[in-house]
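Letters A, B, C and D mark the chains as written, and numbering starts fresh at 1 in each.
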């Protein structure tokens, strides 16, 4: 890559160092070299004649990564792994790495390690998002809000409950992610077609080969391995991982979509970053651009779901490399995208600003409509026939709505209902019903409490989640 | 639906009764009515004035399902749930169902129940497929086969190992499916915006509402519930389910793809169903049409992954119905597709026929090439310089290959190598190396053993899997 | 299919007869039989010994379609084409159809004919939608509306322009659809691997075979043919068609999405169908359920894009049938979905109801903010420094917005600006600027005029579009 | 971007300079600056007081692009367009660009220009691929080849015809691409919500604004413009473009898939690049890695189809930026992918090597089977009953096939048939039928001729296509 290389937009504009360090060319080579050294040590321990000094020579130079040199070597051999072997050998002045390995014994395991480590990062940040969402949910536990279905006012809820609702979706996604992270299995040292032939030839001892592989897998930190693979691990594992990322992203995007709707109604703002100025031309605008961006990342992830989903089911025999270019793109880019999404989500959760007065004003306008079911029941209790009461309420509600829509002013439904003799409820009685606002939110506050408790329990074991803070967004 | 209704192709041509009975109009209504009755009973137990006789009246008529009547009612009201309420009420001569429920309190739970039951069926059939694959893998545990990467001969493996390799992919998919099936959470009785307002109004007692919901969820057989939802459960759960189905299908499709390749090389056939005749025009043809169909189902599933993936992340507020038409299509059709796929896979596993002689003939031709690495090592052991030996082998291998490709006949690489004095290996010595064929398959047979054992353990608790047999394919 | 067959939801709930008649089992068989008869006639004309009486016998029975009989035959032979041949032969008491044809010579052409005819229907309905949208655009050509970007107020536009904007997107989709419809090429009579071997053997005369094919293609109504195909026509043609449908659907979905947003703001309603009642529980609700449904159809189409996109690029040799089950699902279902979408769109365009007073009220509230750029320029003209004026406006705009959000009431930005001595503009002067409302909509009305004129020209040649009316929705 | 920026893999490993120069940061800024200068000139011509010296000052510095400086500015303002305006102004020492423009007046048009220019490149390379495929098709016009359906031998064809078959698919894709390229419409200067308000305010003269826009569009080289847009052009246009790229890629991938199959059968090789060495470990391997890569690119494109397809139909009001991050990824990466695919395809077409002897040997083995239909007809001509002949042929064909599969050696079907007295055809007669090999390929050679002629006509007007040669692959 020359200095004028075209950058990866997702990595450079949106992803955080935690993920970039895993997938950058330098990061990858660091993992590879650690892997080669681990294999050498294990081979030496099992009797292969690799001098300790050779291993020391490799360790001495392992952080000297010269991408231009490696690139130049690849442009000669047209073989990326070979180029990286040569470069490392040249630095160490040795030729002891990669003994009995095929390229895939390196690349499959290294890439799975990149995936496993990235999953840990995503898991931690998802837990951090749950905690912040839980905090916001608690903050607005009892703030009555006009609940909407079909995007129109339906019944009251609370803002905290609305946040908990999206938190519930994120919790479900976290569960799946957590399971995959815990059991993600690695391919191991299996050779050209998966039979371990070359290692068996090298050691001429099946037990030693088994010990070698087990040692390496332990070194890599995996808890399970794939017993019967070919040249490659099944590509449907990539799909499973990316699908889990999409599920996490989708929960965030549902939340962000609703924030965009609420911003459009003037009920809240996603807020500004420190130092950010608004539109210079239109100072009244409070754009939900970060929430829009979250939705964009979710769309991006759906594309990588398609790519990895299309690789799945197309293995030919023991494997080929028609997946190679796809995985070079879809895997890192999917992790950059989910990382960018989570960074953005965390920032929004930090910065968002709720306009409580505007929310209260909307409830004020909508409550009589939202409460018609309850009013109906009170009228019946007071002795009015159910059908009579229903008709009276319906007619008045429609009249009040029409009045607003036709510009005759905001007609007060309570006044209309009080004036309707069929109902037999005085304005005072009606206002009394409406003033008992707490009842209209139903179990919303208790659902918030349960959500908050669940998040606490769920995230307790996720190291770093409670204190993680997002970087500055671009 | 009139008698001339256009049928659902996936259901009618490919799916089995186990799945069709869950998703057919009649099957769905059966589940709904059971649900309504369960709610009534629980409400009565908790003090609502529902007469026991009313419940008995509903139970008497619950299997009388007249789709034409329901359809006629919907075409009047334009409301599908209302049409089904009216029809059930009319049959029972009562109006006691659906008290305090919104449509979604019915439909969300019923659809999740359809999903949960379908997941059980898919899980059972996947386990059945694993068992049949395991049996085939054991049968051909040691049958040496030309392993291929990039679709060209690479190193030997065994046919049993090749089957185990695809079995490993299916095992991974099974694990994910198993986890989802075990924890799939239901929405429960949450009301119009998820706050349980209407049930709370009905009972005026939060504890009773909690007991009602818990009772219903237990009745449905779910082990977990979603605490904080809106009108709908998060649609990313649908994506998670369909993605898990796609993963199962992908494992089968990788297997089927390789069978198609092998059929093209004349190494095996997927076999015929009892009574099936081949192509009348071309009697020599043995088409892998069922394997092709498996690949087709996998492609179909990828489309439903896109649909459910596109619903995910697009919830507006407490929910709307822009997902409705999508879920009416994607959920049943995804289950019909995976069911058709598994039925086809099971049939292929039953019927497939391996041409051992053809496989042996290929190995005979390819072994000298596949064994060049080993020959090289023997030459070195015998004192030849590594680079000299390498060059000699390479030149002769290329010459032998060229001879075949240019039509000069199948040149015997062994003869060529024996004649090359640089190597110092007699034809007898070379034939001895090649005759020790067992070594060339490496750990393949042992990997089969491990696979077989894992399948046994994994499927032990899956009821019905060991004895399930597919229906007749179309 | 038995009478209890599970129906195709898209066909039975949403599609119109125009499309269903093309894709229903009966519709397809009708096309097939016409095709067989056309081939027989042409073969007879070119000298094959097919008696005229035989052709007459087939014509006599061609509308006798007994699906149960055909189904029973297929369950014996496991060959759908053969079953339909036998059924037709049995009815006619002849065996003269399908001479020298392979199954694909029938099915490829018949399916392409179904596609071509469906494209004509979609083209006509898209043109009808353009005309209705054009009418609505004209109706509201000058109705000033708060234009929004990022979902928050930005600059004024007109409602007619907003409709024209979505019409522009639909026009672009129409253009692509129109091109494909015009040039959609048919496979023709090409035989088992595309070389016409069997027809050449039959006629022993290349010119006759060419004339036979040309005659059939003309009979089918195609304007172009594919010269060099294998057993199948390229599946990327299916992708091209479905992608064009998705583009049409996307334009409609953008429109529907914005209507859903506007319904949420109380600015318009998609209206009710004749006889439809609203929610009985919540009479104030005006749900945009049909607009939501349009969005749902668009999502469904994206799934068929994935399916047909995944078939593309996977042809093996001269073709296989791994696409078969996919095309049985994706092709008819994509056409049912776009048809249902267009029916819904046409109904919404007929029924929608605009709340002009509510739109005016929003403009009233927002105009001072939307006009700040213009006010700035007037202040500068009046001699105020640009930066001074900018700062004054910004501070007052932010104060006014804050006042609303914090519940201090709707602060009048005009009053605030008039009171700010830095600006030197009296309230009268400011009101004068704002009263010249027409200027704020810019070129919107003229853009409507251009749109209306373009639609008129574009749709002129689309037969039936001007008078087409949608059926009743479910 | 620092020097350690993570590179875009598709751009840096696979794309050619023709495409990279359009989408690189530097390339984009070059287009932007040209655009700004063109707008300034047109504004000056129409009377705005922009000094000629200012324009000259911008022109002097327009190639001085300092990405680090721009990046630093953006990290302060968090506004990418503003950063680029400031950087250009600072270089010129002027502030005359971007007058009356919103960001979108710049970015929409610049991005559409990038798309339009990229489409031209793709069109040219697709035409180049058609020409090379046409040449190969002509070269092997009459080389008889075992045609396959379901991946098993079906009927003979020619290799040239097989190439023409994939060429036909590419021709169809080219047609769609050609149409889009010709009519791709640009958004133009439409302002913040599409009404041209700011330009109208600036010029106070609708005609001048129209002339300004027309001049700019002409300068950009577009032939059509979008009349009624909002802030953004419809995103379904992006989908249309990417879908067209996927169609091109799919045609190439079908070709590449079949080459991979043929390489597996030893019938041809995709060849080596100059200087490339094969696998050092396995010298006999001839991997179709470039063909695999073509398939990989096609899969990648399907992911961008999903992304752009998911943007389509989701416009809110006059537009928002939830598409921004998606388009930053999907548009350039889709063009890098199709460019890499076409470069690879062109290289394969140059280098591929056909093993005619192996193809002939396969035909030799298969011809008796492939010719059974013809043999049947000859037996009937010679007086044998059709059913008798059919049975005899079927039994012998099955026996011969069984003999091969069970390892009893390659049984000669001709000998078997000659020995069967029911047929009455001597071995000599049978060999005579088979020796007239030319007849078995049917119209294949003539179809090649037609394909070659069509390609010639179609590509005649595509500048540069006839002489374009791919770069060296990695």
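Quick note on the criterion: a residue touches a chain if its C-beta (ideal position, glycine included) is under 8 Å from a C-beta of that chain, and two chains touch if they have at least 3 such contacts.
Please read all numbers here as calculations on a predicted model, not as lab measurements.
Steps from chain A to chain D, taking the shortest chain of touch contacts, total 1. Comparing the chain pairs A-C and B-C, the larger number of C-beta pairs in contact belongs to B-C. Chain A and chain B, compared by their mean Cα positions, are separated by 26 Å.
With centres defined as mean CA coordinates, chain C is found 33 Å away from chain B. The multi-chain contact residues of chain A, meaning those touching 2 or more other chains, are 148-151, 154, 192, 260-261, 281-282, 289, 292, 295, 302, 305-306, 310, 316, 320-321, 373.
Within the complex formed with chain C, the chain D residues making contact are 147-151, 154-157, 161-162, 164-169, 172-173, 175-176, 179-180, 183, 185, 191-198, 200-201, 206, 209, 226-231, 234-237, 239-240, 243, 246-247, 249-254, 257-258, 261, 295, 298, 302, 305-306, 309-310, 312-321, 373-374, 377, 439-444, 446-448, 450-451, 454.
Interface of chain A with chain C (complex): residues 148-154, 260-261, 263-266, 281-289, 292, 306, 310, 355-358, 360-361, 369, 372-373, 393-394, 397-398, 400-401, 404-408. If you check the complex, the residues on chain A that touch chain D are 1, 3-14, 20, 23-26, 74-78, 102, 192, 260, 273, 275-277, 281-282, 289, 292-293, 295-297, 299-300, 302-307, 310-311, 316, 320-326, 328-330, 332-333, 340, 473-474.
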